[in-house]
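Both of the next two complexes hold subunit A, though its partner changes from subunit B to subunit C.
Showing the complex of A and B:
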């Protein structure tokens, strides 16, 4: 379900365009003669499903989190209300804080640094290239991204295997138990491999909007590669960088695949938040406490998503005022740039 | 590039860049090589090696009821969800695009926000309890409904964008001739937005095909498990993993998603739908 989030990217402008639509562009006409009542009937089935399987679980998490509900035992039949006890307990619970720290490390290392960095490097290198090398590289990066997660999980287990894994064969380090000795590093590298494609595509689209003439001018003025990036490229794609960082952080934060590779082990060394919640709630049957942890997770998701949507909203408002203000070259170029986001 | 006057430095730079590119290529290719070699190997090991060519593994897979059933389960789940998501989101997107229902923009905004924060991992406890309450544990319908609920907001957004850009004059003329709204939708709107429907359908299939968590939570009997879950049990259940089976199964299970991806990018051009995997 992680990729559900991706709708945000192109959906927000759609949501935001609404009011402008009514005033500015072609007025909305009920061309098919639906009428409000029938229109509501068209929307209702979708809304019912969303309400039942998306809204209700969110609300239920809130309620459950305030009880001591368990899978078995007396609290299973008659859970009692414990209020904020679960939350307070979580904030003082070393195993929760431990998994939160691991998750932050996972997000920072694999998404913010790894995927964004490698994705940008790939996009930058591919920018003006064509030919078999570029095509092959691009295809492999995309393939890593689209294969089903339980398949890639096993591919990595095999790749890192202690006896006979391809990595050990290549490095001539037989018996090196990567998943046991460096579990966190392993899943971070895995996730960079898995998810760099998204950053690569987003940055490729963004770089397509940096005018080549500006880079050329900078080059002629003697700017080094790094200076070109800093002074010409980054200011122009700042919006894309932020968008990318927020989205990949959100997805990585909610990613359940580490469970498929290490099952949280050894000794909880890779027990990121999703895995920790799974083990607490369904492994140990502490449903109430697990729901409280889920609630904290939803809260973190909410903060990231709200920041993201506010930025998108700001960008669209800016775009609107700019295009409205005039047809100056700057405005036109600016809105074109943002359109691609 | 700054010092074109110094050919040695430029050469060194060029070599350095290609070395990095080669390393990156290896980084992405190496973990996947096994998937290309092992299924065709008479005695597949965990190490990548040139296969001792055979197709017998595929025959063995075909005779393994567990594997075949799970692919059928995946098909049922993906097909069911795709039908529901495409159908319901098309209806909703059409109505939202053509009629200004009060509070529409707020509603869209709220759905968008919700669908990005309520992920399967963050809501697994209530989803499990809800399914138990509705008697949907261990039923395909439960998995389909949960997944559909999660995918619908994104699908509505994508389709509303498509619907907004289609001309309305045909609908008006059809209406003049007395066609009912459903009929207008079926005969006029659907053909026009077919690329959008295809995108949403393919995207839904890809999402459900790869989803592990929801069927893992909700389906209890092993013979109902889809490929994603069966794949996991293949290598986690005790004993020596059967590499011939695992590799062949992985390949077969991955193939549809890869083919669909190729199809969509060839047919409609790979449009960057904000990273929707399709």
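Showing the complex of A and C:
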């Protein structure tokens, strides 16, 4: 609320000063003719909401992470400031490192390899096909994507159940306890199933941008399917691939749904970071430590994002130098723009 | 080097659209051959079927002595240049040119040398490190040609090679392509919808309509003696005058209010009282300001300047219209009366859309290939 009042106060004197002063002339520079102050006043409500519900909690988490705040006991009433103790504790904490390793495995297996791979395979397969098979497949893949997590989790528990689970019926392996014997594999397969639709759609759109004549040129040269992918398709959709990997990596990294299926078990074998933090903060009540772990997770997310963005940026930088070199060609700029778009 | 032989080649798309109807065609060794027709006539499908990008539904394609009907495009020893040139944007010009060689597992050094040599031949030597995005349209086309040439295929296929160039470049490229083809001597088939382009570049051409070949012949044959009214109206920058008329008993045709002599070659076939179409190109009508025998007369309604001549639209009393190319020494004014007499050896008679001709010149004009 403080922000609104202050911006209103700032706006008022500006209006009082009238149109004659120097700042009153500013409106000429923007399309709506509002001027900086009045424009700021319009943006203010949204900024307040962002500050209130995004920035404040983030800062609050940072603060909590530096305390020994707990759900119960004395620190719940009177938390004390512990500085970086929680962070150093986490970095030496085997259960944290264990769940970090699990998370990386989960991201690598289910997102980077699984979803992106299967999504691309589906998109590539559907490229030149139509008819009921494609429509059905598309609908099924999409369905897995749009169903609510709670429903999906229940479906998978029923699917993998030891007694009378669908999978055991299909494979005729009664009594196989998938969630107990192969818990990590189960949630990886689950997440591939769950999230491939996004990659499929993104790659379908990307493949639509690969001109048929380029593929045909490669075919006429005698290129195999793999060579066509390597020489024509992947270079063309590199940006799409990186963007997709960035998104699905982050989503998978922060995905909490595995908890609904395995609850992090058995014996912590599927305790990915979000689950670990949940258990630490709310299960054991160590809110301060949990907040510190959240902060670490945020940092890891940032690192992942920065890596992808740099890879994306490399392409753009290369292009810039290329454009600088080729000044004479008139078509250059147009096609560069087309590509970056 | 090789010729291309199509034997009863058919293409039916899923869904039952017949794009090609049992075509027979031979493109001779070293020939520059044009496939010409309006859009949707099947010319591109024909080219793509020869390339192997579309599978034939029936019949065979032979290149030289080999039956390639069942072969993959990469095994046919052909190269194709697409309308959009299909240069790979992430590769330099040199890498693009060397790409087919790379697929054929030619070593890096040899590949680079060959690519550079081909680039030099086409005047791209100084651009070999550029990327396609940095080239002009004409340069891109040359790069695409160089890529096609680099692995010395037996056949070149060009899909609308000039249509992405602006008008001036197009004329230049036309001459360039024809010269290049002559020098290389490689059998070349190109597709175009532009009759002027086909007439100018091709050694022989085929006019297609509705998945069938309407006429195959040299540009001169096809221009002078179109085998059907369709070909007649499609070929030529100024469309041929096609005037409905009736054959009279005394060796003339009543056309547009005038009486014109029946062309010699049609005379034995034209029966008195028959409904025919009299075909004469505007270029083959001679203009006169005064009454003349064996001419149609009418009122000048439009005069279009063609530069060195004028295209005059004449309206005879019966409501038809006749176009005449008038040389620059005459200056007919709209509203005045004029006479146009056909050059006897260029007049044609069509019955039911087909040319009436007693002697089949070079075996092409009388019977359209089907």
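Following the convention adopted for this analysis, the second predicted complex is superposed on the first by the 262 of 341 C-alpha atoms of A that agree within 3 Å, B and C clash if a C-alpha of one lies under 4 Å from a C-alpha of the other, contacts with A are read in each partner's own complex, and residues count from 1 in each chain.
One rule holds for everything that comes next: a residue touches a chain if its C-beta (ideal position, glycine included) is under 8 Å from a C-beta of that chain, and two chains touch if they have at least 3 such contacts.
The shown structure was predicted, so the numbers you read here are calculated from the model rather than taken from an experiment.
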Between subunit B and subunit C, more extensive residue contact with subunit A: B
Which of subunit B and subunit C A:216 touches, first, second, both or neither: second
Touched partner set for A:82, first subunit B, second subunit C, both or neither: neither
First, second, both or neither for A:200, with subunit B first and subunit C second: neither
Which superposed partner A:282 touches (first subunit B, second subunit C, both, neither): first
Which of subunit B and subunit C A:235 touches, first, second, both or neither: second
Which superposed partner A:141 touches (first subunit B, second subunit C, both, neither): first
Which superposed partner A:54 touches (first subunit B, second subunit C, both, neither): first
Touching both subunit B and subunit C, residues of subunit A: 219, 222-223
Subunit A contact footprint on subunit B (complex, rising order): 1-2, 17, 21, 24-25, 27-35, 45-48, 84, 88-89, 91-92, 94-96, 98-101, 104-105, 108-109, 111-130, 145-154, 156-158, 160-161, 164, 168-169, 171-172, 174-175, 181, 184-185, 189, 206-207, 209-214, 217, 227-229, 231-232, 234-236, 246, 250, 253-254, 257-258, 261, 272-277
Subunit A residues within the subunit B interface of the complex: 1-12, 14-16, 18-19, 22, 28-36, 38-40, 42-43, 45-47, 49-50, 52-58, 60-61, 64, 118, 121-122, 125, 133, 136-137, 140-159, 161, 163-167, 169-170, 193, 198, 201-202, 205, 219, 222-225, 247, 250, 254-257, 260, 263, 273-274, 277-278, 281-282, 287, 290-291, 294, 297-298, 301-302, 305-306, 309
Complex contacts: residues of subunit A adjacent to subunit C: 211, 213-214, 216-223, 227, 231-232, 235-236, 322-323, 325-326, 328-332, 335-336, 339
Subunit C residues touching subunit A - in the complex, by the definition given at the top: 51-53, 72-75, 78-80, 82-84, 86, 88-90, 99-100, 103-104, 130-137, 139-140, 147, 151
